[in-house]
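The following pair of complexes shares a single chain, subunit A, combined with subunit B in the former and subunit C in the latter.
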Partner chain A sequence: MTPSGFSRRSVLQALAASGCVAPGFAWAQAAAGDLNIALLSQNSGNFATHGEVVFKGATIALEERGHTILGRKINLLRRDDEGKPAIGVRRLTELVETSQVKFFIGNASSAVGLAESEIAAREKIVQYAGGGSDEFTGARCNPYTFQWSASPYTASSTTLEYVRKAHPNAKRVYTLTVDYAFGHSLLKYTREAAPELGFELAGNDMHPLGERQYTQYFNKALAVKPDVILLLTAGSDFLAAVRQLSSYGLKKVIVAAPWAAELDELKELTPQMRAGLILGLNYHSSINTPVNKAFVAAAAKRYQMLPTYAMAYAYDTFRTIFLAMEKAKSVDSTAVARVMEGMQLDSVHGPTSIDARTHQTNRPYYVCLCKQPDAQKNDQDIADLVFQGDKPQPAALNQCSRT
Partner chain B sequence: MNLVAAQIVNGLAIGMLYAVMALGLSIIKGLLNVPNFAHGALFAVGAYVCYTLSTIGAPFAVALIGAFSGAALLGFLIERFGIANLTGGSYLLQVLFLFGTALVIEQILVLIYGTTGVSLVPPAMLGGAMDLGFMFLPRYLVFCALVGAFSIVAVWLLIEKTRIGSSIRAGIERREMVQCLGIDIGTLLTLGFALGAGMAGLAGGIALPLLGANATSGNDMMAIAFVVLVLGGLGSLYGAVAAGILIGVAQSLTTLVAPSASTLLIYVIMTVVLLIGPKGLFGER
Partner chain C sequence: MNKNLLALAAVVLLAVVAPMVIPISIANEIIVIAIFAMATNLVIGVAGLYSFGQAMFFGAGAYLTGYSLTAGGLSLVPSILIAIAGAAALAGIVGAVIIRRSGFYFMMLTFAFNQMAFYVVLVWSGVTGGEDGMAGIKRAPVGGLDLNDRSVFYAFCAVLFVASYVILRQIKKSPLGLVLEAAKENPRRMASLGYSVHGAQLAAFMISGAFAGLAGSLYVLLYRFVPIDSISWIMSGNVVFMVVIGGMSSMVGPIMGAAVFVWLQGLFSLLWAQWALLFGLFIIFVVFTLRGGLIELFKRVARIRRAGEAHHG
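Let's turn to the complex of A and B:
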């Protein structure tokens, strides 16, 4: 013990306890040839489970190749962005500065992902995003950000294509749209796709984000006698809207939602509430492709569960990045990003490509039909995969200024 | 015109739900002079009690009584073992205690029920909608309005026509005088808090088929209840009822002209009313 009461050992112990040593350790690993990649997601608060599921998907991708790439050991660094853009930016900056991270995937929230994309562009870090905004590949596209989720255009057109196929006589569509960028994107593309499929847009209401009372909107919607009510809203807003719409006991009106919730979230609704609901999805565990079958088997073996959107996103994005590294024979982020541009691969979706200019992953979008209560075999048996489409966003509607 | 009538009917039903929630808040504010920041959590407790009883086969009416009773019991415990011990301390301590209690309740609900929310389909006789000619009105909304009105009348009878009710009224108006008359003010406050908490729980139970429930689902309703409380006038029990209905109708009608502003509107109304008359619409202090 020194006269001041501190010893070298006590200082080191304090540093270790406070976590200050961890970044230095990660730097030492990176310098020795290890590859540090990062996963930024929500690991605290009410949505902590989302972060856990994303981690499971990433783990399967790493285990698949024995945690090595091009002879380097891969270290997966996890950080909690708390679902907040500012926190995500801070954590990513720390990872870049202290751990030389050059590849990361992240939160399903577009707000968080778009904030992080600014860092990706500035620091030349490959980001493979999973949010729903078309800005990743549109107005805010950059050389290092790639988008795994389907374009909102693909989502809208695929969902409406299924409605047209399943209900040839349906004509009038009433939309209920959440009033922020995500809802605006879906509405914009619905207005493009609906007339081409012979639908007439009978009306639209914008509702504020976080709205809990929807019967007043449905009174308006039902007054114009629509054949289809299209919910262009998501998350808990969508669930509240479906609950209240179900209280009308409508038999003849078709209810569809291009991009509202993943199947897991539908467990919040009773089987009666979701019966007959047409739901667009980015992923479904029953996709019949070799890569997905192997992934589903790995998830069942490792975690005894069927993979969800979040798990598939983490698995497929890291898997694609590793394939690009192998193709580039490098872990340099710029070299890997160049290889990813225009890359063709077999993914969980089957044959997949990445647009060279916008960085949009061109992949199918899926439509599910929720089962009637008596057709459900168990709690997981919520919906059948009934349709898929892959109509890409028309070039004229894309705002990416990259050439 | 039909659409205006439809939205007014819809607003009356929703407003009644707001009124039930706000009436409970008003009773507690009036008696203890403290804003009950745990009111939203008690709303969620009521919703979950209703859900649990329904899923084990209890009739919906029993589940609603359970929602009231469960939240009332919790309110009783909060007041007796928490607020009562802080009465001599600063106002801030009571507010912080209630705020902390809300967080504890929310986390306990997460531990018991998980982070995935729950829903409940109302009994078959309350399902579907009535065709009024100019609108389809969900039967469950009518039920909400009737149960809301019934519970408000029951509270009115309790407060206006019973001895304990007169003590509560007196406690709200002149607390020291009630003490001087030899009435056990401690028990009165505990019962008043339990009654207010029970109203929050009942609102949670009624709202369950419409809004579902998760640990934090009461927060949205609590925000509206505070608006209603301020709008009706602090200390005015029946002002809360009138303001609840007013907010429900205004919110519903706004959908006709500016749907995106329907949430904003209620805060604008509150701000304007406070600027013009800080006592609210029916407040006396």
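Let's turn to the complex of A and C:
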């Protein structure tokens, strides 16, 4: 499939996968011995920008291995889940049924990823998720779902640690939270981490996913005179909130977001709008590790761009799955999942491990500070990496019942 | 051959052949959504009530089934029955309030009620799962049938699909259906003849709600998950598109509309990231070239054939 148009091959594959042609041909695309793996991401919806970037990361991971593993050809099947749990479940069900997919990565949206995790558990498919909800490794943990993104506890505490360090006198924090699993997780852990760092939570508002009008929340927030407004939201919701917050004319309030957007997405805001914004990140291209340097070089060569979180997620997760397959000497999903439990590896983050019980990838979390307009050297020079933390989720707060 | 029997044979054939030529999960979704489209056609095509809130009843069926099976601990058949009854009751309540409004006002009220229902589900997240949806739904066996087997579950849905078609078609042809169709053209004349137009419309609205609830219930069992999208206005809009694409003149039209809608959505999304544009173009093409929907194609072919026969005869 080409990103901007059709190819004869993509049309034939689409027709085959959707059963437009004779059944024999429809299933013939999975040649004997080939390994079908899948990528479920959004090409439309709140995280639409992720789709193409995730695909690029996955492509680099496959090209690194010449599209083969243990002597088998790897076919990457890509589907648009539209950012909707119903569509994600439908697409994954089709992939399992028609292409015998046993490994997939997805999803940037926790709601979609969690819905897909039900199928992962039932059909014994390895899922490497990238959403922000703690339920992947908590209440809804299962033997086949793994979590690449940092724990939302790590994200909240790392971001607030930086705020404390940079603004020792800041006291009152007002949170604005998106009303679904992802936002709930961040809020839960902000409530844990903030008092430990000497912050007082002055109030919270929940907003629905896809909200476009935020001024009513800011009116309420400003009434309690906060030092920090913490945006526990993401994607286009976050961008809309920052845009409106900027128009509101707030100069003295610190604006921070533990898990909101990629640096690339911030280009949608003017330098004035994003100046001084404190942003928690799962990944930054300047991470100084051998694996990341090689990945950055590959991304520059292949796509002439610096990798972003979405690209790193796809690359690192597929790379980890391939390493586990080699270690297991098998492409059997159960065997690979068992190897991934407790696995130690060198990832883009440096030395990394996967928790054997919860399946949380233990890795650092990063904080960036957006530059003032006159300090920017060029369009890419948006923010500096200013802090790094890796405080893991306390065991007492984890609800995974696996032993 | 009798036209009714021919249509029934075509519907049965579709249910039998579909899983042989397309992936069974897609075929299953088509027949489930087709029940929803037929139910919607009863209010839109037959009664002429332009409802943009049908997802309210589909979603009610979905959530009632999900809740009955999980927190309620009920078995499968009672859960489906609760979904049907609950959706019909909701349609009765909403219908009693809005059925006397007509045209644009009726349409806006259905939309408004749908939005209210959506926000109730969104806010009541402790029960509904809110934006994350309701998970952990299992297909309990029914009378020794293992519904976890895809083929068995498909057969279960197919039986209900064919039964829904027969019942809804009979309703369309019944005195109730005739009153509704006549009232669609001239409600005052029907009222002056002594028919309770609003009563008939309310009955149609409730019957439609019941079948939408059944479709919602089967949808949840199909994916073992209740997405919040199932009660959103987009779902209401989609089912109206299905009815328009397929054609409103018979109950076969909505089935065709559902089949094409579900299948094309999947196909286009595989072809191009901005697939919604292709889909929009397709709907525009159908509306402009086949004003009676896809079913119009069959009618045109039949007309050409008859004209050919007359010419030769």
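Methods note: the second predicted complex is superposed on the first by the 361 of 403 C-alpha atoms of A that agree within 3 Å, B and C clash if a C-alpha of one lies under 4 Å from a C-alpha of the other, contacts with A are read in each partner's own complex, and residues count from 1 in each chain.
Assume a residue touches a chain if its C-beta (ideal position, glycine included) is under 8 Å from a C-beta of that chain, and two chains touch if they have at least 3 such contacts.
Being a predicted model, the structure only gives us computed values, none of them experimental.
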{"item": "Subunit B versus subunit C as contact partner of A:K267, first or second or both or neither", "value": "first"}
{"item": "Touching partner for A:D179 - first (subunit B), second (subunit C), both, neither", "value": "both"}
{"item": "Touching partner for A:V89 - first (subunit B), second (subunit C), both, neither", "value": "second"}
{"item": "Partner chain(s) touched by A:A314 [first = subunit B, second = subunit C, both, neither]", "value": "neither"}
{"item": "Which of subunit B and subunit C A:A221 touches, first, second, both or neither", "value": "neither"}
{"item": "Subunit B versus subunit C as contact partner of A:R212, first or second or both or neither", "value": "first"}
{"item": "Which of subunit B and subunit C A:A115 touches, first, second, both or neither", "value": "second"}
{"item": "Contacts of A:Q244 with subunit B and subunit C, given as first, second, both or neither", "value": "first"}
{"item": "Residues of subunit A at both interfaces, subunit B in one complex, subunit C in the other", "value": "179, 208"}
{"item": "Footprint of subunit A on subunit C - complex, ascending", "value": "20-26, 29, 122, 125, 130-133, 135-136, 150, 223-225, 227-230, 263, 266-267, 269-276"}
{"item": "Of subunit A, residues touching subunit B in the complex", "value": "46-49, 179, 205-208, 210-213, 215-217, 219-220, 222-223, 236, 239-240, 243-244, 246-250, 264-265, 267-270, 272-273"}
{"item": "Subunit C contact footprint on subunit A (complex, rising order)", "value": "1, 3, 5-6, 10-11, 13-15, 17-20, 22-23, 26, 43-44, 51-52, 79-80, 82, 84-87, 89-90, 93-94, 97-98, 110-111, 114-115, 118, 122, 140, 179-181, 208-209"}
{"item": "Of all residues in subunit B, those that touch subunit A in their complex", "value": "2-3, 6-7, 10-11, 13-14, 110, 115-122, 127-129, 135-136, 138-141, 209-212, 214-216, 220-221, 251-252, 255-256, 259-264"}
